[in-house]
Structure formats: structure tokens, C-alpha cells
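Have a look at these structures, which come just after this line.
The two complexes that follow have subunit A in common; it is paired with subunit B in the first and with subunit C in the second.
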Partner chain A sequence: MTKQTSPNNIRKEIEDITSRSYRDIASVLPKDRMPIGFFCPLVPEELIHAAGALPFRLMGTSVPITHAQAHLPPYCCHLVKASLESLLQGELHFLRGIVFCQTCDSMQGLSDIWARQGIVPSQFNLMIPTHLDSEHARPYLRAEMERFKYFLESNVGKISLRKLKDSIRLFNHIRERLSEIYSLRRTLSARIPGAYFARIIRAGYWMDRIRYLELLEGLVDSLPKQTEGSDSLIPIYLTGNMAHADTYFSLIEDAGAIVVRDDLCSGARTFRLMVAEDRDPLEALTERYFQSFFCPTKYLGPQAHRDILLQEVADSKAQGVIFLLYKYCEACFFDYPDLKSALEAKGISTLLLEVEDPVQSKEQLKIRIQAFVEMLSPL
Partner chain B sequence: MIAAGIDIGSLSTEAIVFDNEKGILGYSIVLTGGSSKEASRVSLKQAIGSANITRDQIKRIVSTGCAREIAEFADRKITEITCIAKGVSHLFPECRTIIDIGGQDTKVIRVDGKGRVLEFDMNDKCAAGTGRFLEVMAKALTIGLDEMGEQSLRYRNDLAISSICTVFAESEVVSLVSEGRQVEDILHAIHNAVADRTLGLLERIGAVEPPVAMTGGVAKNIGVVKALEEKLKTPLAIYAEPQIVGSLGAALLALNGL
Partner chain C sequence: MNETSNPYREIHATAAYRRLMIAYYFMVKHAAWFGKKVAWITSGGPVEPLYAMGVLPFYPENYGAMCGASRMSVSLCEAAEQRGYSRDLCSYALTDIGSNLTGKGPLGVLPKPDFLVCANNICGTVIKWYEIQARALNVPVFFLDTPFIHDEIHDHTLRYVEKQMEGYIAFLERQLKRPFSEKRFYRVGARSLTAIRLWKEIIELSKNHPAPFPAFDAFIHMAPIVTLRGTRWAVRYYRKLKKEIEKRVEQGKGAFAREEIRLIWDNIPIWYDIRNLSKMLSSRGAVLVGDTYTSAWAHEQMEGAPSLAGFARSHATIHLNLGLEYKIKKMIELVEGYGAHGFIMHSNRSCKSYSIGQYDIKREVSKATGRPGLIIEADHTDARSYAPKQVEKQIQIFLEIIREKEQS
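== the complex of A and B ==
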């Protein structure tokens, strides 16, 4: 293990980048890659990376909403409000491009408002079909991938076949290492406490990905292979939106439980985005969205979301499921009643947490999480 | 074996001293005021005095309520949702649904009759429909909080408070007063609004399974109780001192741990 990848240095590097506001982050981003912003895992980071840019995910930081109120209706989620606020406050001037994709109504509206501001030099709207089970969806999305590639080549740099294959391999390795850390964390939670784990995830959307993979590999190597007695913790499955603020994982751990798996938009759901390395890269990037990856804004059949969730919860051996949903996320809340019923029919207890700014309402979340863990614990 | 439970809430703090053979030995209810820490000390001291025992006879203490973490003397801290379920299951083992309306929280809980919570929900950040909401309304109508319930039962006309937001509802109440509406009718509308909001929460934890128990300070308001009973079409089981059920559950859980 090199000095740069000792456990202490890994933590320091991850905490340094994730402690910064958007305004302060530009100075530590790689100088040789222009940052291209995106919001959603339906945007193929691999293509952005292969073009020579840095995919930079906007994750809804804690920011008082003032300017954005003039542009948005009140029923938009925190991600939409906070991202526009950051743009209007001049926090995102370092971005050289932004990519939206067709997910929810709020995000589509944000795309138009964003373009009107004219702050970020280039913008691309990736049109992802809603009905992924339609026979036209695959060729349509494949054509969109070509269009996105052309946009990147026109605005960033040439994407050679070799570069694209290298990027696909890199992101696949990142997903494998993160998945490994997740599995190890179940019994080594004291070494990677929840707040740190959330930062590891966040760092992976902001820093240079080659360096990030080095850090993950260093971290995996530094962890003991034997368990360290976290068996008394109640295993929880966490599902919902992008929610990698420090708060949630640590509140769950403080209550005597541990997240053994999640289906968060910014978390383990993205592990299902592995790309086949033995076929045409654009075709493989397209195909992965038709497999087990599932975003509630898309439709893969009436039972798709339910079946994927039930299977993952069963595999994780979680005792309870926490729905961590952004307030006003229509797509998630339309699916929620059916998912709750399906889980409870299998004897799995559920808890719904509606959140806005992740830093606020900590006490309200705390009592709900503690009561839920008590409910699952022996009296 | 003697244990104690203390429920440190936003408006009041309750303590109970409980003997596993004799039951409740003593209890106290004090206003929390500006210092939860001080209120918890005073409340425990008063409960010990009321039980006529000494502090060292108490073998274990569990604290609950929104300021449960502040009780340094507690051996364990447990949420009020678990404690209320335990307390109600002790008093009314047949009950399957609990409504608790306290100073700033409304909680609804489904229980299995053995003290175990099956599901729960509570109000969001807004304190509308809670004890604080009723306090504001009482002030707007310049009547005592304790008088609201009985007075509302003398209503003659059905009025509606369309907004449950405390601030907007207060404006509506002031408008109704300006229109010359009777206080009894306005109070009845206020209690119906509290009941409607509680029903909304109950819907979120599934069909209401009777019997239903009610706890918390608002259970002392007969107007809210009648409004809930009418809308739920079932009588509510209410302990003689509904404010101490959470602390009773805490004391029972303290005994469980011995």
C-alpha cells in the first residue's frame, strides 16, 4: 500500500473534497478535464469521461432557497430547487456543460429554466424513452446515445473506440469495488461509519475517477477480511432518491441498525449499471437501461419496480425497509403505496421518511428512525 | 421491584414510579418550561415524593419524549412511540390502534396488544392539530384551554375551519368572531378540524382497527374526543390521566430490562 492510499490518507482525501461547497470545489478538480454537470444515472458517465471531460453529478446540497423561488413552483423537490439556487448564486460557474435527461416534470422544467440563464456554456437534453418496454425504445435510445456522443465530440473531444472501452472498464471497476465495500461494511461498520460511507459515494461523483478507483482499491485492501461483530445491528434496506447527505446512514446507525443494501438513485442502484465489455460499447451502454436498473420515472412493466425491490430486499436479508423520498417526488410517491403493500405482504415492515433539505429536520427524522428500529428489535 | 419512567415532552413532563407487584406508586406532571433538564429533575423528585419511597429504591429508569436524551439519570432512552404502545397495551390490552395528541406532536400507532408496535406515523414539522394548535385557538377566543371541550359540546351550528395551518386557522377564527358567530360553534369547528387531521394520519397506517385508545394531553379535551369518536364511529378508550401513559410505558420497559 502506498502512502497516498493508506486508510488515513484515503479518508482525508475523501473528506476534503466532500466538505467543499460547489464554489470551493473547482480548485481541486482535475485540470485536464472540463467538468460536465449531470443529475441522473440515466446519463452515461462513461461517454462524458471517454470524451476527456469530468462527469460531475449535482446532488442537491444544503443551501437556503431564495433566488430559485422566483422561477419554480413550490412543489419541486430539493434537488431541483437547490441545484437552480446554486446556479443562480454563481456556485456552478466552473461547469463547462450540463446534461439533462427526460425524467420527471420538474427536471424537464428545470432544463428550460437552466438554458434561459445562459450561465453554463453548453447544454444537452438526453431524451430517454418513458416506456422502456416499447419495441421502439431500444433503437430510439441507441440513436440518442449517438446524438449525445456527437454533442460531446463537438464540445469536448473525440471519443475513440479505445477510449470508450477504457472508460466503460473504469466505471465497471468502480461499481465492483463499491459493491465490495458495501458487503464488507455489514460487519465492519465501525471502520466505515455511515457518514463516511455517504461521503465515499459522493466523492465518486465529483473527483477524478481514476484516482477514485485507486482510493477504493486502497480501502478494500485495508479492510480486514474477518468480521468485527456488528451482528446485533438491525439490517435495513434503504430505498428512494438521491440521498447521500451524511445524515441518513449515521442516523440509522445511531439508532442501532445498519443499511445493508440500498436502492438509492445515487447509491447501490447504480451497481446495476454494469456494462457488457464484450460488445459494441454504444449498444452495451444502451442495453444496460433495459435490464435490472430501474428509475421510477420509467416504465418497464406493471410489476417491474415491485419485483426488483422484493428480490433485492430478500437477498439483503433486511428486517425492515426505509423509504427515503424527496418531498414532492411524484414518480416515487405514485409507486410507494404498491411497494409498501407488497413488502408488508411479505412480512417486511416499512417506514416512510419525506425529506427536503437533508440537513434540516434531523430531530423529526431521528425519532421516526429510532421508533422504527425499536419496532424491529426485541422488547 | 421498583422502576421509574419519565416522559419529557415539549409542554409537560411526567414521571411515574411503578412497582411490579403493586402497580403505580406515584406520579407527577410538571410544565417543561424553558429547561427540560430541570423539569425532568423536578418531575422525578415529585413522583418519588408522591410514591413515598426513596430514590435508591428505584432500580432502573427509562426516559422518553422529545427531550429524552437530556435525562442523564436515565438508564435507557426509548422513543415515546414505543413507550405509549407499551403503556396502552398494559392498560387496554384489547386496543389495536392508538391516537396520541400531545403538545406539538400527533402520533398514530397500530399495536399487537402485547406492547409491540406494528406501524406508526406522526405529523410532519407543522404542529397544526396538536395541543399547541388548541392553545393558539383558545387565546384567539380568549377562553381557558380547559374550558374548550365542555363549551364546544353546546354548539348549535356546524361551521367549518377550512385551513388546518395554525396561523391561517387563527385568521379564520378571528373572521368568524367578527361575523358574530357563537364561540361554541367555532370551538366545535376547531375540534372537528383537529379530528379531520388526525383521521388523515390514521389513513396512512391503514384501516383503523378498533378498539381505539387515545392518550396525551388533548385526550382531556372532551370536544376533540367526541369529534374523533363521531368520525371513527367507535368509542375511545382513555385512561383517567391520559398524559402519563407514555411515562407508564417507559416504567414498564424499565422493569422489563431488570
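== the complex of A and C ==
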């Protein structure tokens, strides 16, 4: 471990970048890579990175909506509203490009509204197929990947085979390290408290990825391999279309529980996106979307979401599942009743947290999380 | 503003329309008596292959509109909400889920499907909705994935949809255990194209002043173009309707005695308030002469001889699957083509795919045409999200603005 990757320095670096608003983040981003924004892990960061750009994920901030309502009706999720608000408030001027991909109706609408503002110089719509168990979706997605590659090469830089393979390896390593930290955290929660953990994840969507991997490796090395035992915390599985935010992780821990696994957009869904390294890279990037259930906006058969959730919850040994859903997210709310019933049929308790602006609803969430954890605690 | 009576001219074909829809629903409800299978299908789904295979389509969305118009939706939505579904979800879906759970609604117990056909060319909602019903009813579902077209359509997208169309045929052959007859498909396809052409011609007759067949009539008489597209019934019915409407044009008669303000409507109708709105507008001399909703069934891409590739293209490029720039252009064409004085946009909280972008459309269309637009908030079937008094007030003020503008 170098001085630069001592636990204190790692923490400082992570805390620094994740404390910044969009407005003052540009100064700490790597100078040699142009930031290209994206929303959804379905966008292959590997390709953006291989072109020489910095994939920069927009995860929604807590921002009062004052401009976006001139373009969006009230019944859009906060991620959509807040992202447009940040754009209109001039917080995203540092982005040199933005990539949307086909997910939900609100995002599709946002993409067109975004393009009309003409603020971010280039924009691309990556149309990931929705029918991910159709044999015809593969060649289609492969062609979309080619189209995306062409866009990046025209707007950022040439993507050589070697660069793409390097990027794939880099992102695979990041995912492996994150998975490892997830597993270690169960027993080392005191070393990586929830709020810090959420920031570790978030930092990985903004900072230089080579540096990020160094930090993750430093972090893993600094952790004892022995368990320290934190069995008193109630294991929770967290699911929803949200990115990691300190608030939930600390609220859950303060209540005496711990998130042992998740199915969040920025968490396990991303870990599942491992790319095979022994084949043609574009083909491997295409193939990964067909391997396991990914997101409720995608279709892998009527039972896919239920099956993967039941399996993952069982593997995680979680006692309860928290659904953390953005209000107005159709994909999630359509799935919710059947998922809840399936979990409860297996004896797993569930809690639904519906949030508009995540940070604004903290107090109300706190009480509900406490009550839920108490219900799960042994009498 | 003068608020006087404004007699409405009944369409004589309405009696034939009622008989047609009663017969259609009777057949779907009792499909087994006729030795038919039933498929539930989304409104943008490819229905022609179903008719070619002798399968009866049932449209939960059309049924949702019926529940809305008969003011039965709210209790059905509430039944779905009891089961844990959020009130924020599309009320067509909630109505269908509620009907299925309770067996209630204007048709009573819904016709049990043998399989489901879902195309996401209208929205992402239907994927989730049909997944739920596939689980609840334990039936197979065919899903036609039509990537959204923000600007241009790419060859690989067309190929993708075409390949799936072939997959659809194979799916139907498996479900029905008999081969697909291309000959029958071409016959059905030809009838479908004829009905679409007729429908287009009928709604465009309202470009005449006064409008002989305004949007409120089109909202009602559109049911066969959705549910019976590809059948002789639809062709026969629309020929009859067209004749009658053409006659009105020859005689210079509009649907209303007085037509002073011509308006375009955007989005799905507010089914439970159609009558009131129509009355309220017409009493002030205003008529909705055209709309984006019913004209979506006049597929512009559906030209030439029927073919699977042609159907793939037309299904991939329907109104709701196209981006904002297209929608702006379409609205401008409607406002100009129908000589409208303004337009009303229904911001429909149920339907994000239709409603997101309306604020930009309104601005751009007004800029391009010099015609004002009004956005009203409602939901197509769930009356709980509608404040009629407030909407009425907004419309009154809007009409006054138009009148002042026209007089100056």
C-alpha cells in the first residue's frame, strides 16, 4: 500500500469528490479526458472510456425544481426532473456529450427535450433492445454498439482494439473489487459505514477509473481478512431504480440493520455486467446484456425479475427487503405487488419506500425504516 | 362570450356502429361458441396476422376507454390499488388489472385470452402490464420490440422489427397448431390498408369548413379501426360512414350548426367527460376539428401492397414511437391543414409517452403557426385526477383569447 492509498487518503479522496455539486466538480475531473454524461448502466462505459473520454454518470441530485417544470409535467420521477433542472441551471456545462439509452418513457421524453436545449455539444441515443430474450435482439444490439462506437470515434477519439480490451479489463476489475467490498462489508460494517460505502460507489461513476481502481484495491488491502463479527445487524436487501445515496445506507444502519446486497442501478445491477475478456470485445459487450435480468424496463420473460430477486435475496441471507422506489417510476411500481407477494410467500418481510426527492424525505423515511428494522429484530 | 345552444347533427351510421361493436364484443366474449381463440393485444400491436389466423383480438385499452366512458374505471382502478398497484400507474392498465381481479366492468368477466400480444411501440407501460397479465392468467405472451425512433430509422432497426414479425408468425403457428396462410394474410392486410385509407379520408374530411366529422365523433367511431382492422366489417362500416360524411361536405353541413372556432386536440380523450367537454365547447361555438389520437390510426407509412416488411415498418413508426421533432411537425401540420385557430393538449398523467414533451410542442407549434395552445391536466379514464370546473374555466379563458386574437 502506498501513502496515496492509505485508508485515510482513500477516504479523503472519495469524500472530496462525492461532496461536490455538479457545478464545482469540473475542476477535479481528469484534464485529459472529456466528460461524457450518461444515466444508466446499460450504457457501456467501457466504450466511452476506450475512446479516451470520462464516463460521467448523472445520478440525480437534491435540487429544488424551478426550471424543469417549463418542460416536464409533474408526474415524472425525480431523476428525470432533477437532471433536466441541473442542465437548465447551467450545472452541466462541463459535459462534452451525453448518452441516453432506451429505458422508460420518461427518459425517452427527457432525451428529446434535452436535445432541444442545445447545451451539451453532442448527444447520442443508444437504443438497447427491450426484448432481451429474443434471438433477434443480439444482431440488433451489436449494430447499435457499432453505431455508438462510430459516434464516439467521430466525437471523441479512435477506439483501438487494444484500448477497448484494456477498458473492459479495467471495468471488470472495478466490478470485482466492488463485489468483494460488498461481501466484506457484511462483517466489517464498522470499517466501512453505510454512508461511506454509498460514496465509494458513487465516486466510481465520476473519477478517473484507473485511480478509482487503485483506491478500491487499497481499500480491500487495508481491510482485515478475518471477520470482525457484526451479526447483531439485521441483514437487508435493497432494491429499486436508484443510485447509491448516503441517506438510505446510514438510515438503515442507524436503525440497526445493514444492506448486505442490493439490486440498485448503481449496485449489483452493475456488478452483473461483467464482460467476457476472451472474445471479440464488441461482441462481448453486446452479449453481457443477455446473461441475466438487468432492469425492470427490460423484458426477459414474465418471471425473470421475480426469479432473480428471490434467488439473490436467498443468497444474501437477508431478512427483509426494502423497495426504494422513485415516485412515478412505472417499471418499478408495476413489478412491486407481485415481487412483494413472492417474497412474503417465502417468509421475507418487505417495506416500500416511495420517494420523490430522496434527500427531502429523510425524516419520514427514518421513522419507517426504524419501525421495519424493529419488526425484524428478535423479540 | 356568447354561450348559446348549438345543435349537434347526429351521425346516422352510429346505429350501425353500435351494432358492429356489440357484435364484436359478443364474439370476443363468447369466442368458444364460434370456435375461436382470443388474444389480448395492445393498441399498436400487429392485429392483421391474428385475423389471418382466425384469432379474435381483445383490446384492453379499448375496453379501458369503454370503462372510462361508462364511468366504471375508478372502482376498477381502486381494486388494482387494493392489490398494491400504485395510483400513479396508467389507468388503462389499472382498469384492466382491476377488471381481471374483480370480474366487474361493462363486459363483466373479461374474455380469457389464449395468449397475449404486446408491442411497445406505444409505450413502455404495456410491457410491464402484459407481463403482469401473463403471470396472472398463466398464458404465453408474444412481445414485439420496436425501438423508439428519436430521429431517423436505421436499417438494423427495421430488420430487427421485421425478424420479430417473422417470429410472431412462428409464435402464432405454435399457438394455433396450424400453418400461417400468406394468402389469407394478404387478404386481411389488403382489407386493413383499405380501412386505414378510408379512416384517413374520413377524418380528413373535417379539413372542410365547417367540419363534418369532428374529433369527438372520431373518438367514438375509431373503435373499429382499432379492433376490427383487417376485417370486412370494418371496411364496410367505414365505407358507409364515409358516404354519409361526404354528403355533409357536399351540403356544406358541419357536425354543429355553429362553428366559429376550430381547434385541434392532442392526446387520448378524457373518456368520462367527452360529452360535457363537447357540449361546453360547442355552446361557445368551438369545435375540435382534428386530433393527434385518431389520426395515429391513419398510418402514414402504410402505403402500397401489404407485406410483412411493410407492416414491420408501419408498426415501428407509429405516432407514439416517434420523437419530439416529429410530434411538433405533426401538430403543425394538423393546425395548418385543418385551419385551426388553436389547440388543446391534454396532459394525461396516465400516459407519459404521450404527454412528456407537450410543453415544448406547445411552444414550438405556437411559434410556427401563430396559434395559441392550452394544456389541461387530466387522466384519460381516472376521474379522480380531474378538476372539471377548473378545466372549464381554463377553456373559457382560452376561447376568449382566441376570439380577441381573431378580431384584432
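Quick notes
The rule is simple: the second predicted complex is superposed on the first by the 377 of 379 C-alpha atoms of A that agree within 3 Å, B and C clash if a C-alpha of one lies under 4 Å from a C-alpha of the other, contacts with A are read in each partner's own complex, and residues count from 1 in each chain.
In this section, a residue touches a chain if its C-beta (ideal position, glycine included) is under 8 Å from a C-beta of that chain, and two chains touch if they have at least 3 such contacts.
A quick note: this is a predicted structure, and the numbers were derived from the prediction, not measured.
Taking subunit A as the reference chain, the count of touched residues is higher for C when subunit B and subunit C are set side by side. By the touch criterion defined above, A:363 reaches subunit B but does not reach subunit C.
Once chain A of one complex is fitted onto chain A of the other, the partner contacts of A:105 are limited to subunit C, with no touch recorded for subunit B. When the two structures are aligned on the shared chain, A:371 is found in touch with subunit B, with no touch to subunit C.
Legend: residue contacts after superposition of the two complexes on their common chain; A:333 is shown touching subunit C, with no touch to subunit B.
Residue contacts after overlaying the shared chain place A:29 against neither subunit B nor subunit C.
Common to the subunit B and subunit C contact sets on subunit A are residues 354.
In the complex of the two chains, the subunit A residues touching subunit C come out as 70-76, 102-106, 108-113, 115-116, 125, 127, 129-131, 134, 136-137, 139-140, 143-144, 147, 296-297, 299, 302-303, 327-328, 330-331, 333-338, 340-341, 354. Taken together, the subunit A residues at the contact with subunit B in this complex read 349, 352, 354, 361, 363-364, 367-368, 370-371, 374-375, 379. Only residues 83-86, 88-90, 93, 120, 123-125, 127-129, 131-132, 134-135, 141, 143, 145, 147-148, 150, 154, 156-157, 159-160, 163-164, 167, 323-325, 347, 349, 352-353, 355-360, 377 of subunit C touch subunit A when the two sit together in their complex.
The touching residues of subunit B, when paired with subunit A in their complex, are 66, 78-82, 86, 115-122, 124-125, 253, 256.
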